[in-house]
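First comes the structure, then the notes that go with it.
Lettered A, B, C and D in written order, each chain numbered from 1.
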Amino acid sequence: MNEIIQKKFKASDYKSKLKPVWCPGCGDYHVLLSITQALTKLQLKPENTAVISGIGCSSRIPAYTNSYGFHTIHGRGLAVATGVKVARPELTVIAAGGDGDGFSIGGNHFLHACRRNTDMTYIVMDNEVYGMTKGQPSPTTDPSWDSALSPGGTGLSPFHPLVIALASGANFIARTFSGDVKGTAKVIADAIEHPGFSFVQILSPCVTFRPDQKIWKEQVHEAMVSETDDPARAARRLMSDDGFNTGVLYRGSREAYRFSCGDEKGDMEEIQKQFEV
Amino acid sequence: MNEIIQKKFKASDYKSKLKPVWCPGCGDYHVLLSITQALTKLQLKPENTAVISGIGCSSRIPAYTNSYGFHTIHGRGLAVATGVKVARPELTVIAAGGDGDGFSIGGNHFLHACRRNTDMTYIVMDNEVYGMTKGQPSPTTDPSWDSALSPGGTGLSPFHPLVIALASGANFIARTFSGDVKGTAKVIADAIEHPGFSFVQILSPCVTFRPDQKIWKEQVHEAMVSETDDPARAARRLMSDDGFNTGVLYRGSREAYRFSCGDEKGDMEEIQKQFEV
Amino acid sequence: MTDGDQNTSVSVAMVGSGGAGVMTSGNMMLEAATKAGLYGLMTRTVGPQIRGGEAAALLRLSGKPVHCVDDTFDILVAVDWKGAERFAGEVPLGADSLIITDPATGDIPEILTDSGARIVEVPIGELAASVEGGRANMVILGLVASLIGLDEEPINKIIAKKLGKKGDAAVKASREAVSAGYDAAGGITSPVTVSPSDDKKDRWLISGNQAAGFGALRGGIRFVAAYPITPATEVLEWMSPNLPKVGGTLVQAEDELASINMAIGASFGGRPSLTATSGPGLSLMMEGIGLAVSSETPVVIVNVMRGGPSTGVPTKSEQTDLNIAVYGLHGDAPHIVTAATSVEDCIFTTQWSVYLAEAMQTAAIVLSDQFMGQASSIIDPPANISFMAQRLVESEPDESYLRYAVTADGVSPMTLPGTPGGQYTADGLEHNPKGLPSTLMEDHRDQMDKRDRKVAEFNYGDHWADVEGDDGCELVILTWGSTTNAVREAIERLNGEGVSCKLVAMRLLSPAVPEQFDQTLMGAKRVLVVEQSHSGQFLKLLRANYNMPGEVKSYRRPGPLIVRPGEIVDTIKNWSVQ
Amino acid sequence: MTDGDQNTSVSVAMVGSGGAGVMTSGNMMLEAATKAGLYGLMTRTVGPQIRGGEAAALLRLSGKPVHCVDDTFDILVAVDWKGAERFAGEVPLGADSLIITDPATGDIPEILTDSGARIVEVPIGELAASVEGGRANMVILGLVASLIGLDEEPINKIIAKKLGKKGDAAVKASREAVSAGYDAAGGITSPVTVSPSDDKKDRWLISGNQAAGFGALRGGIRFVAAYPITPATEVLEWMSPNLPKVGGTLVQAEDELASINMAIGASFGGRPSLTATSGPGLSLMMEGIGLAVSSETPVVIVNVMRGGPSTGVPTKSEQTDLNIAVYGLHGDAPHIVTAATSVEDCIFTTQWSVYLAEAMQTAAIVLSDQFMGQASSIIDPPANISFMAQRLVESEPDESYLRYAVTADGVSPMTLPGTPGGQYTADGLEHNPKGLPSTLMEDHRDQMDKRDRKVAEFNYGDHWADVEGDDGCELVILTWGSTTNAVREAIERLNGEGVSCKLVAMRLLSPAVPEQFDQTLMGAKRVLVVEQSHSGQFLKLLRANYNMPGEVKSYRRPGPLIVRPGEIVDTIKNWSVQ
């Protein structure tokens, strides 16, 4: 993470001028707001932050921030983000995307990013649907949700991203609701400050394909329990949670990934000696 | 699962005549033996079983059985196996492979196979190394294990496949040791009989690249606790287990994937009506 | 409107942003046109917004079958002009065109007025407001219908059909708004009208993506693995509810790596299997397709092309996945690549490709594109062709059974799981005839020969290309895919001007069929190669695989603008001049 | 042994199964030969067993640089014959060859004796047993060294170096076993000997995979993402411990999708980045490579080819990933494809490719193959070439900064994260010069033009090909990759017989450089295209992109047998006859 400097940045300094393609009312507008508020809170220089995403409605977010951005390919945001962070350890790296991008096609990188524990923050705007491709079930979709691709529902129990994150070794695990901009901003700021990989699931409604998610704002509630650093306890808790608990639900202290590029200017002449016979 | 018939099959009826390429002493020989014993126990017709693998030493196993086999590509065994099972629900489908194949490149299919809960058995011969490519760390390798690719060790805490399986929704989760052929055979037979996706991690030493695994046979021990069907409890238990607990560690009762091909002979004329204006 | 008499058609663009509902108007007009005995094609263009951005319904209607877009639009009508400049390039106008605008909605983008089109102002918004519950999109529906000579009756029928369930008031409001539109058209001279025919025979309304799904089903596909991607999703979404009717099923996969491999697994199990995708997904499937080739497991991949490279231009059309489809596998991996030549031909080509994949036990990639895939077309009910999956199966194997036996035609009988004594292990590792891994030079060579031979020496009959025109023609246009119909129309126009020209639209892109090609192009003096690609992928494919006779010229450009007949006519004419 | 005087070399195969240790013997002989002032090349062939199956060390030694394998082996010596028939096809013998066998170990495979080679029996096992702790592999080391005229002294030195840490007894046992081998050679007439030169100048012992890693490091690579795969793993394993010495690092990725995308991320961050793989891994990387092309992020992919298709023949060489490397991206995606022409050239070509990728901000795929990659070669220390990653960076961007500015040469200055005011979003979606998503026809065309131009119009200098021979030559052999040196040697032999012939070994496979090509091939009457591929991928690439002058003939075949000079000589001779 880069240093906090004197000059006071405003939230608007972290926003670009590009108008989002999102539908009016989409939860992702709030997420964008929360990210800029979190960055304001931390007073990070915009040019020292990299926001990296996959493909999907939510993955459009990098260009709406005033950071360096990379809108990569579907499912690969975390891999690109890992490369950025290892190559440039002094940058603040935020990976972002959707539930389809992160948990379906990107599932393997999610597992391994949690395990590798590179210092970055991963924000998933979970709307329990593939928004960009016009409404197919994602891994977090309810089994009975009807759609053209899965008439009558998938019949599959939804994927539990927080439990998976915990099982794969993530050390900062949180859930927030996009409508709670302040609360989300606070959690994101915490996540950025946490050394190692931080995972923030943001329930972010898709007004177009999941109008039923309007009731989310009534369903979410702050987690009743205090934060834990015991993975076994966290596992038990997360496995029985209702999916609407918000807050930082687990915070561990495993060492962050420790290899990265540096400034050493070694000598090629020295290196080539190994070939001499 | 196909029906049990009168004629008594012997274990040798489930083995092919092909000599394995494995190193003398490789744990996978024992796994092969256990699989044939499990099939004998269940008296399944060899031609009604399909054994499907990825790529790796362990993934060579299909051709050593007398089943229909598919030695697919690295990491994709589970996807191919899912296709086979959905297309031919009456077959007994066994997917098999290594820790690199299943947890590194194949991690996403592992997650989603657990979640989809198609009725098949997935056997991972875990030797905590990439055997076939001559000794690189896999996701289950100890952080301090030295190798050419990761001199001094990866520094990464190993991946916990059983916890991931549980987190992703698997309903039959077991661990065995290859050296315990009988015990392993029994668990595999149970796994095959379990409706839905069953996951069996078999600790199967690599004598060539991990000679240090010789001590495994002293380290393994039967799980002290009784089987549970409560995922939250299982999670807590698995997260704190020592990695050498053996037996069936979790058995749930979630409904298996319910869509598959059938015999309906619908009428194309009827179907095309939807285009008529 | 086109030059030749025989082609009289009308092209209409209806533009509007937000929830203006121009797509609804377009769809209604298309259905009404069908009822009036017309043929038609409708495409849509939308802005980058996920929902509610600028949009246009682009229609072409005619008394004769319509397969491609015209050079220019005859009538452009806008509910509003918000963001319209972003796709104005896709709505070419001419000096004969008519723009209808509501002065209350602001200025027409310059790029449109620059065409010199006649502009007529109609207070569309006011007219809508004059009807209780009236909407502007219904006003323009009536306006345009009147201008092009469509009766109000079929439109009223469609309104009842589509809005019936919203209640009588909704139907009434729409009908009145349409009527207001009809009335407003009174004083306007229309640039062109179409004559509804009396021939009210049965018609189908179908998109290329539905057609591909339907062809697949008819060819025998019974398993589909799916991962959504624009513009291929509708293939999957059409198949999902229809498969179970014939004992098939669709599995939504976690990604394209899974979907291709699931399809391969299902096919290994004996069910003809398919997946559908577009460029980025196809990239991810290539390793799996190589497995199908090497393990000789039939599988069909429908690839609906969009603008590339990378994520590219997902909502627009381009013919640039030809390279990857033909050459994108590592190693020497002979397989089949076909391409549909029209919305309607998506049925035939997909069905035929299922047959080819199954007959040769290999992978067949069927190329379609966004233009065809997402265009709605009114067509004559297609003939029921006989191609049906028919795999060479060994159902009573004995001891000597060899899964990968080296046969004369390269195809080896396959056993299906469940068949006693037929057990073998399918493998992507090189193997011997029994299927056991082998690194022997001889086995490698024999299996390579066999996999190549079965594909190269198969009898593809006449289906390798649509060939039209006299044998003696010295001028040939070679093309493929959705560009075919623009070329076809260009040739009709050229014929009308006394220029004779042969069409060769290749349906089989791989393997090469040099004998048929040579014979078809014999005597050609000038060959024009037409494609929608920046780098000339088709041209290079031809050069690599065929001996091109005579002087060869390439006409190509990237998307998103669809290639139009006029461009080809001009190219030929300019070439003649030199 | 070869025909021409100037090429005197000796080729030896040492065969043995299980832990026979023939690789140790081979490595020791190679090192000893270096000490004796010789050049040499050693490859290995192993059976399917993961460990301890049949194996052979294949050496060629000479007083002059050695770059390819000879037509036949002069001496074949076996510790035992178990499983040897499985690679006998890879050890061609002639009537002049000598087979040394221990009668106690059973019959020589027929395919070897069919050659008519002279057979000499030596009780290798007994000789080993006669020394305390003696091993057969050391006996054959002495035996062969003696036969080819190598002194015992350098061998003893190597033994001390390699076995020193195992203790004096081990060194003594090995030395005595070697001596026993020397003695046993006494009565045997050797088919050929090499003259150790007095020129004991510095030599390097290096494999192609190490050379690629070294070239990459020298070119400026500072980040590597790795997923192991045969036969590319050693590139990664060499780089892993060496990168940190220059401030770089290697990350082991979970799969190839991750490795290519990590490399792209690191490069976006400003570090020249690389990954290495082989066919199946390259397949998985193609979507990522397309992203690098579209987002204009430099990245280098070293692809060490193995037998295909699919999992294929992982441990053997073939030149069949050319198609996928050049054409395997969806959409029109111009990028760089290069190929090393020898073990040594893996340094130059990789280093140059890093430079190209960085200079043009695009993806460069470097093709090597199993033969080069895993061959150990004794070479002269290579010149230190100056190519070094040098990206066009904008370090003080102002308000008007455009990441994807349309420039004359197509290369746009890039800002690196951390640069104030340079913020932009890299994108695989089509974009405008600022980097914002755009579906506009004009933006798409301009960006396509630019991405194409920067690659097509770059000045590649003379490096596009190794060209040797007179300008006036009417006979040209076109080839690429590791086949180059077999062609080179064939041409030397043909020259020796008065046939003059030009070599054109293409290092740049994509883009095409038609001007250079035309000029180089001007006046060619006959062109032979040589490659190790069943389908003729190189031939098709040439036909697609170049106008081939004169009569063109293809000499090609698949692996695993490496193409030998004699095959090419014969092809040319037979062609002449007609």
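In this text, contacts are C-beta pairs under 8 Å (C-beta built on N, C-alpha and C of every residue); 3 or more make two chains touch, one makes a residue touch a chain.
Quick caveat, the model's predicted, so the values are computed rather than measured.
The most distant chain from subunit B, with centres taken as the mean of CA atoms, is C. Among the pairs A-C and A-D, the greater number of C-beta contacts is found at A-D. Centre-to-centre spacing of subunit A and subunit C amounts to 38 Å, using the average Cα coordinate of each chain.
The geometric centre of subunit A is 42 Å away from that of subunit D, both derived from CA atoms. Here the spacing of subunit A and subunit B, counted between their Cα centres, is 31 Å. For this pair, subunit C with subunit D, the centres built from the Cα atoms lie 43 Å apart.
Counting partner chains per residue, subunit B has residues 21, 71, 73, 75, 104-105, 107-108, 111-112, 139, 259 touching two or more of them.
The residues of subunit C that reach two or more other chains are 48, 250, 254-255, 257, 280, 287, 290-291, 295, 310-311, 427-429, 437, listed in rising order.
If you draw each protein chain as a dot and join the dots that touch, every dot ends up joined to every other dot. Only residues 16, 18, 21, 45-48, 50, 52, 60, 62-63, 66-73, 75-76, 79-88, 90-91, 108-109, 111-112, 259-268, 270-272, 275-277 of subunit B touch subunit C when the two sit together in their complex.
Across the complex, subunit A meets subunit B through its residues 104-108, 111-112, 115-117, 139, 155-157, 159-160, 163-164, 166-169, 231-233, 235-237, 239-240, 254-255, 257-259. On subunit C, the positions that touch subunit B within their shared complex are 31, 34-35, 202-206, 210, 214, 217-218, 222-223, 225, 242, 244-251, 253-255, 257-259, 261-271, 273, 287-288, 290-291, 295, 378, 381, 415, 417-429, 435-437.
Of all residues in subunit B, those touching subunit D in their complex are 21-24, 26, 55, 57, 71, 73-75, 104-105, 107, 130-134, 136-137, 139, 148-151, 154, 208. Those residues of subunit C lying in contact with subunit D across their complex are 47-48, 86-87, 89-90, 257, 279-280, 282-284, 286-287, 290-291, 293-295, 307-316, 318, 320-321, 323-324, 326-334, 427-430, 437, 439-442, 444-445, 448-449, 452, 533-535, 537, 540-541, 543-545, 557-561.
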